[in-house]
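Each of the two complexes below includes chain A, the first together with chain B, the second together with chain C.
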Partner chain A sequence: MSDTTFARLDVLKTYKLYVGGKFPRSESGRVYEVTDSKGEWLANAPLGTRKDARDAVLAARAAVKGWAGTTAYNRGQVLYRVAEMLQGRREQFAAEVSLSEGVGPKKAAALVDAAIDRWVWYAGWTDKVAQIAGGANPVAGPYFNLSTPEPTGVVGIVAPQAGYGHSLLGLVSVIAPAIATGNTVVVAAAADAPLPALSLGEVLATSDVPGGVVNIISGRTADIAPTLASHQDVNALDLTGAIAADGPGAAAALEAAAADTLKRVVRPELDPFAQDWTNAPGTDRLLSFLETKTVWHPMGI
Partner chain B sequence: MAKKKNIEEPVAKPAGGLFAYAPAPESPAAAGDIATSYGHFIGGEFVDSSGSEALKTVNPATEQVLAEFAQGTDEDVERAVAAARKAFADWSSLPGSERAKYLFRIARIIQERSRELAVLESMDNGKPIRETRDFDIPTVAAWFFYYAGWADKLDYAGFGANPRPLGVAGQVIPWNFPLMMLAWKIAPALATGNTVVLKPAETTPLTALRFAEICRQAGLPKGVVNIVTGDGRTGAALTAHPDVNKVAFTGSTPVGRAIARQLAGSRKKLSLELGGKAANIVFDDAPIDQAVEGIVNGIFFNQGHVCCAGSRLLVQESVQDEVLDALKRRMATLRVGDPLDKNTDIGAINSAAQLARITELTDAGEAEGADRWSPECELPGTGFWFKPTLFTGVSQAHRIAQEEIFGPVLSVLTFRTPEEAVAKANNTPYGLSAGIWTEKGSRILWMANRLKAGVVWANTFNKFDPTSPFGGYKESGYGREGGRHGLEAYLDV
Partner chain C sequence: MAEVSVRPRKPAGKVVSLAVGYARRYAGLVTMSTVAANAPGVAGSGLADVAASEASLRRFLHGLPGVDQVGLEARAATLGTRSIKTTAKAYAIDLAISMIDLTTLEGADTVGKVRALCAKGRTPDPTDPTTPRVAAICVYPDMVATAKDALRGTDIQVASVATAFPAGRAALPVKLADTADAVAAGADEIDMVIDRGAFLSGRYFDVYNEIVAVKEACKRPDGTYAHLKVIFETGELQTYDNVRRVSWLAMLAGADFIKTSTGKVAVNATPPVTLLMLEAVRDFRAATGVQVGVKPAGGIKTTKDAMKYLVMVNETLGDDWLSPHWFRFGASSLLNDLLMQRQKLATGRYSGPDYVTVD
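What follows is the complex of A and B.
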C-alpha cells in the first residue's frame, strides 16, 4: 500500500502561558488568533486575564527569595544556560520571528543570534554589577561603610510591542537584565507577536531557571498591564511596550497607578516604533531594578 | 489621656537625681538680622511676591512670630522657573572646575557663618542648638564641599563620558532639617550643571532665605539658585510646572505618591525620599549601654522628627527587662526645653500641627492597649512640647507600630529568634533604615542582608555623611542622595 503518498501532517503546538515554571492555559479558557504579518493564521494563543496576571505575581513573589539568594556566579551560569538552550532551538525561533515580524529568514536568524548573545552579555554581568553599582564610602568618621545593590523584587514588564527585533530580541533585552540582578518578572508579551515569547518559556523551563523567576502571559496588554501596575506585591514596572500597545494615555495611566505603591517605573521611549533592539544594550536596564543598601558599622577595639 | 497603666516598678533616678545645670543659652542675636517680612529670591534678587498672601513663621519654643514670608503664587513659580531656565545655558556650559569653585565658596561661607546659621535654624525649627551647631550646619558645609569636588569629575562617575544635566530642578524640602535638606538637594544639582528652584517648608523658610544671601556673597550667577516660599500649593505649582525637568521631594509618603501621580506620563525625572518606620533591633548579646545610647539617639534625636528614626524598638525577649530598665534610666536624664540652651537634649516640636499629630497617635496607642511611659519632666509653659515617650506591649497591628509618628515616641516590640526579628522589621510598607545591635559579626551581616532598608546601621544609628548614599526601599521612596549615587538623580542617564 506504499504507492499512495500522503503529505505528512505536521503536529502543531498548543501555545500556553508560562507561569510558576508550568505551562497553564489561561484560567479563562479563552484564546485569540495569532496571525503573521500578512494576516495568515499561525496559532491560537492563550488570552491571559487579570487573574492570570495575579497568579503570575504570586509565583514571581514566591520565587524572589530563592533567586535573589542565589549566588551571582550561579545566576550567571543559569543565564548562560538559557543562551545554550536558545542556541539549540535557533531554527525554530528564527521561523517564529520571521513570521511574527515579517522579516526575511536571514534577518530573523540574525535577530535570534543577537538574542542568544544578549543572554551571554547579561550572564557575564551577574557577578560584576555589584562592583560597578556599589562600593566603599569614605565617611568622615571611624566607620566601615559599604553600599551594595540588591534586587528590587518583583518587576512587572510590558514587553516591547514594536521596533526592530521586538518579538524575541526586545523581549530578551527586557527580561534578562531584570533577572540577572536577582529580580523575578511577570511579562505581558507582545500582543500581536506572542509566539516567540511563549516559546521562550519552554527554553527557560529547560534552562535551570527556577519556576516563577520568569512568568510570561500573552493576551491584551490593556487587561494584563493595569493589574501589574496596581498590584501591591509588584515592586517595579517596566513600561517599555506600553505606548506602542495602548497609546501614551494608557502608559501614563499605568504610571499613575504605579504611583499608589511607589513602584519604580521605567518609562517607554517616546517613539517605540523607531526602536532598534539590535543596538548595544549598555547598563541602563541592568541598573534600573536595583536598590542600594548602605551598611554602617563602627570601627574600634 | 484616657488611662495610665504603668505596670512596671517606678524607675529610680540616677543617684543624686539629674545633675543641675546652669542655663547656657545662645543669644538669639547671634542669628543675625531677621527681617519682618520676606519675599522670594528669584534671578539673584530678593523680590516681592505677585500676590498679597503672607504666612508667618514662628519660633516653636516661644510661639513668637519670627517673620512673615510670601505665599508663592503660580506667577511667582513661573518667574522663578523662567529665571532658572535662563541661567541654565551658561551654568551648564561653564567648565566643571568653575562650577566647583562656586560650590567650594558656598561651603566655606557656610562654615564662616555657621554660628549664625545654627542659631537661626534652632529658632526657626525648635531643634537644640547642640544639634544645629554640631550636626546640621557642619553637614551642610560638608555636603557642598563633597559635591563641589564632583563638578569637574563627572566623566569618571560611572555614567559614561560627558553626562549631561537635566535642566531646571524643582525641589521641595521638609522642615525637620531645613538647611541640611537644602544642601542635599542643591549641592548635587548644581555640581552636575542644573539650575534650581527650591521651596522650603512653610514652617522653616528662614535658613533657605539666608542661604540666598550666601549665594550672593559667593557671587553665584543670577538664577542658578531660586528660592520660592509658600505652603503645599506653591510646591504643587512647582512640581507641575511644564518647564521643570527634574523634581526632587523629601517629605511624607502621601505627598510623594501625589507627586508621582502628577508626573506620570511626563518626562520629568523624579526622586523621592519619604517616610519611614525603622526597626532598631537589639539582640541579647548586644552591649546594652551602647545599645541604649543608640536607641535614644535613634528616636529622640531632633525630637524624633527624622524620617529614618528608629521608632520601633525590637528587643530580644530575654533582655527586654534589662534593656527597658536601662532605657528608662537614660530617658530620665534627657533635658527637654529651650532649644538655644546648649544643655538641651530635646527641643520643641516644630509646629502645633505636628504636636497634634503626635498627640493623636499616642492617644491611639493608649486606646489600642499599649502601655505608655514618660519620665518626669517639666515642660515650658509656652511653645510646643512633647515628653520623650515609650510604649511597651505594642503589637504589630497597633497604629503606633505601623504609622510614622515623627515625634519623640518609641514603640517597643519583642522577638525571640533572628527570623522573627527580620519578619517584624520588614512588616511595614516603608523601608528607609534599620538598626542592629549585636556583638556577633556574622549575625550582623545575616540580618543586614535580609532587612528591606536602604540604610542599615549596625551597632550605631542615625549616622549621615555626604559620601554615603541615603534613601529607601519600597514606599520610603526611590533614588539615593549622597555619594556617587546621588549624582544620578540630576544627570540625564
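What follows is the complex of A and C.
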C-alpha cells in the first residue's frame, strides 16, 4: 500500500439531448456552459440547433400513431412508471434543482416530490379525461351522438424558464398533460436550467415510454422555438417558456409564425416570473391539446 | 501529383486502358460515332465481333479486370460525404426532380391511381408552378395507354416494364410479345429485366441474344425504337465482378440505359453498384463512342441520397450525363422528399408530409 492518497476524480457527466428514445449529441457538435444561480460552472449542455428540432419533430411524428393508439388505461400505467423512476432518482434531481434555481436542499427536495406527485396526478387523468372533454350529445333523431377527445398530434413545448419550481416541477407540469392525452412532444428545455430536463430524458428512457413520445432539446430558445413554431408538421405549440420581450423567441413572434399553419397555441402567463408552479394545475393544460371527434351511431329501430 | 492524391487508385483505370486497347486494336475497322442510334449491330461498334460467338463473349467478359471491392466502396462512401447547400442544393433538387421516373408497379394499380400519378408528374407541386416536371412515368404494360392519354401534350415519357417483370421467368416469345404490346400501346421507353438465372449459370450468350431480340421488339412501325433500359437486378448478381460483366454485356447488346434494380427485392440500388455502372458507361463510351444512360432504382428515398448519386455522376462522368436523357432515378417516395426540401428552401420553414400527396 502506498502512503500517498489521491483524491478521487469525479466522473463528469456528458449531458445529451433526448431524441427518438436515443441520446444524441447536438447535430452541430457544440455545447454551451450551464451555470448555477451564482454563475459557477455546472456542466456543458448540448447546444441544440434547428436541425435537432427538425429531427425531433420527425421522431415525434413517427411516435404519434403508436402512442395515440395505446389504450388510455395503458398510458396511465406507463406514466405511473415514470413517477416510479423519478422517485428512485430523487436525490439527483433535488441536487440539480437546487443548483439550477438557487433554492436550499429542503425546498429543492419538496419541489422534486411535488413534481413526482404531479406526474402521478396526470397519470390518473389519462382514462378520465374523456369523461370531462367528451360525452353523449342529445340529438333529435334515432342516433347515439358521441363526442370523444382525440390527441392533436405533435406538440411543440417551450419549457418554463421562470417562476418558482420551473426547472423540474414546471417542466413536468407542461409535458405530462400533453402526453397523458396521447400527444407526442418536442420540448425546448429552459436555456438557463436544462440539467433537470436532460436528466428527465434519462428517466423517460428507462421507463416504458416509447421512444419519440418525448423529445428534449437544450439550447437557445431563440433558435429552437421558431423552428417548432413554423414547422408545418407540428400541430400545437405551448409557449409557456417564451419569456423574451422581443426577437424571434418572443411569444408574439412565435404565435405569428404558428398562425400560418393554424396551430393550437397556449400563451404564456402575463407575468411568468411571478408564477408559482406548486399551485394546483387544474385541467386547462390537459384540455388544450385535444381534437373532438363526433360520431353518429344509429340506434335500434 | 495533385491528380493522384485527389483520385484514389481504383481498378477502373485498368478498364479504361483495356477498353482503349480494344478501341485501338479495332481502330482500322471502326468508325467512331456518337450517333445516338444505339441499334443492334451498331452497338459497341468498336467491339463488334466480341459477341460474334458464345466463346468470344465469354472470353471478353471474363477478361474484364476484377473489381477492387474495398476501393470501390471507399470511393462511393467518399463521394457521399459532400455537403451541398443553398443555391447548389436548389439546383440539385430541381435537377433530381427532372430526372425522376415516377413509378407505380403494384398489383393493386388502378386506372385512377395511374392518372393521379401522371397528374403529379405534370405538376409535382401545385403550390409552386416553377417546380420542374418529372422525366417519365413508369407503369406496367397494361397501364401504358392510360398513362399516355393522361400525359398528352407534355414531354413526359411513358416507360413500361416488360419481359415478365420483375422475375423475368417466362419464355422468350412471351417476353417479346409483352414488349411489343407495350410499344404498340405507345410506350416511349421499355424497362426489361435480364434472365438472371441464365447469367448466373454462365449462359451469357443467351442473355445477350435476349436483349438483342427485345431491342428488336422495341422497333415501331415507323422504324424508330423505343428506348430500352436493361434491368440487372444487381441485388441478385452476388458480386461486383458480375455487375461489371453484365453492364458490358447489356451495352454490347444495344441497351440505351442500364438500370440497377426492379425495386422488388431486398437489396436495391446502392452507391457502390451505381458507381461501378457509371464507370462502365464511361469506359464504354471511351471504347466505342456510344453513350449509354444509367438509372439507379429502388431504395432511394431521401433528397440526401439523391444528392449523393448526382455527385457521383458529376465526379465520374461529368456534365455529359447530368441530364434526364442520360441519368434517371427510379423512385416513387423520393419525389415527396424532394418537394418538401424544395418548400423548405423557398419558405425557410420545414415542411411536413401533410403538404404533399400520399402517393
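One rule holds in what follows: the second predicted complex is superposed on the first by the 291 of 301 C-alpha atoms of A that agree within 3 Å, B and C clash if a C-alpha of one lies under 4 Å from a C-alpha of the other, contacts with A are read in each partner's own complex, and residues count from 1 in each chain.
Please note the rule applied: contacts are C-beta pairs under 8 Å (C-beta built on N, C-alpha and C of every residue); 3 or more make two chains touch, one makes a residue touch a chain.
Predicted, not measured: the structure shown is a model, and the values here were computed from it.
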| item | value |
| --- | --- |
| Chain C versus chain B, contacts on chain A by residue | B |
| Contacts of A:110 with chain B and chain C, given as first, second, both or neither | neither |
| Which superposed partner A:145 touches (first chain B, second chain C, both, neither) | first |
| Contacts of A:233 with chain B and chain C, given as first, second, both or neither | second |
| First (chain B), second (chain C), both or neither touched by A:296 | first |
| Contacts of A:42 with chain B and chain C, given as first, second, both or neither | neither |
| Touched partner set for A:262, first chain B, second chain C, both or neither | first |
| Residues of chain A that lie at the interface with chain B and also at the interface with chain C | 260 |
| Chain A residues within the chain B interface of the complex | 132, 135, 137-141, 143, 145, 147, 235, 248-249, 251-253, 255-256, 258-262, 264, 267, 270, 284, 291-298 |
| Chain C residues touching chain A - in the complex, by the definition given at the top | 348-355 |
| Residue numbers on chain A that touch chain C, as the complex places them | 54, 57, 61, 227, 230-234, 257, 260 |
| Contact footprint of chain A on chain B as seen in their complex | 142, 158, 253, 256-258, 260-261, 263-265, 267, 272, 274, 444, 448, 453-460, 463, 465, 467-471, 473-475, 477-478, 480, 483-485, 493 |
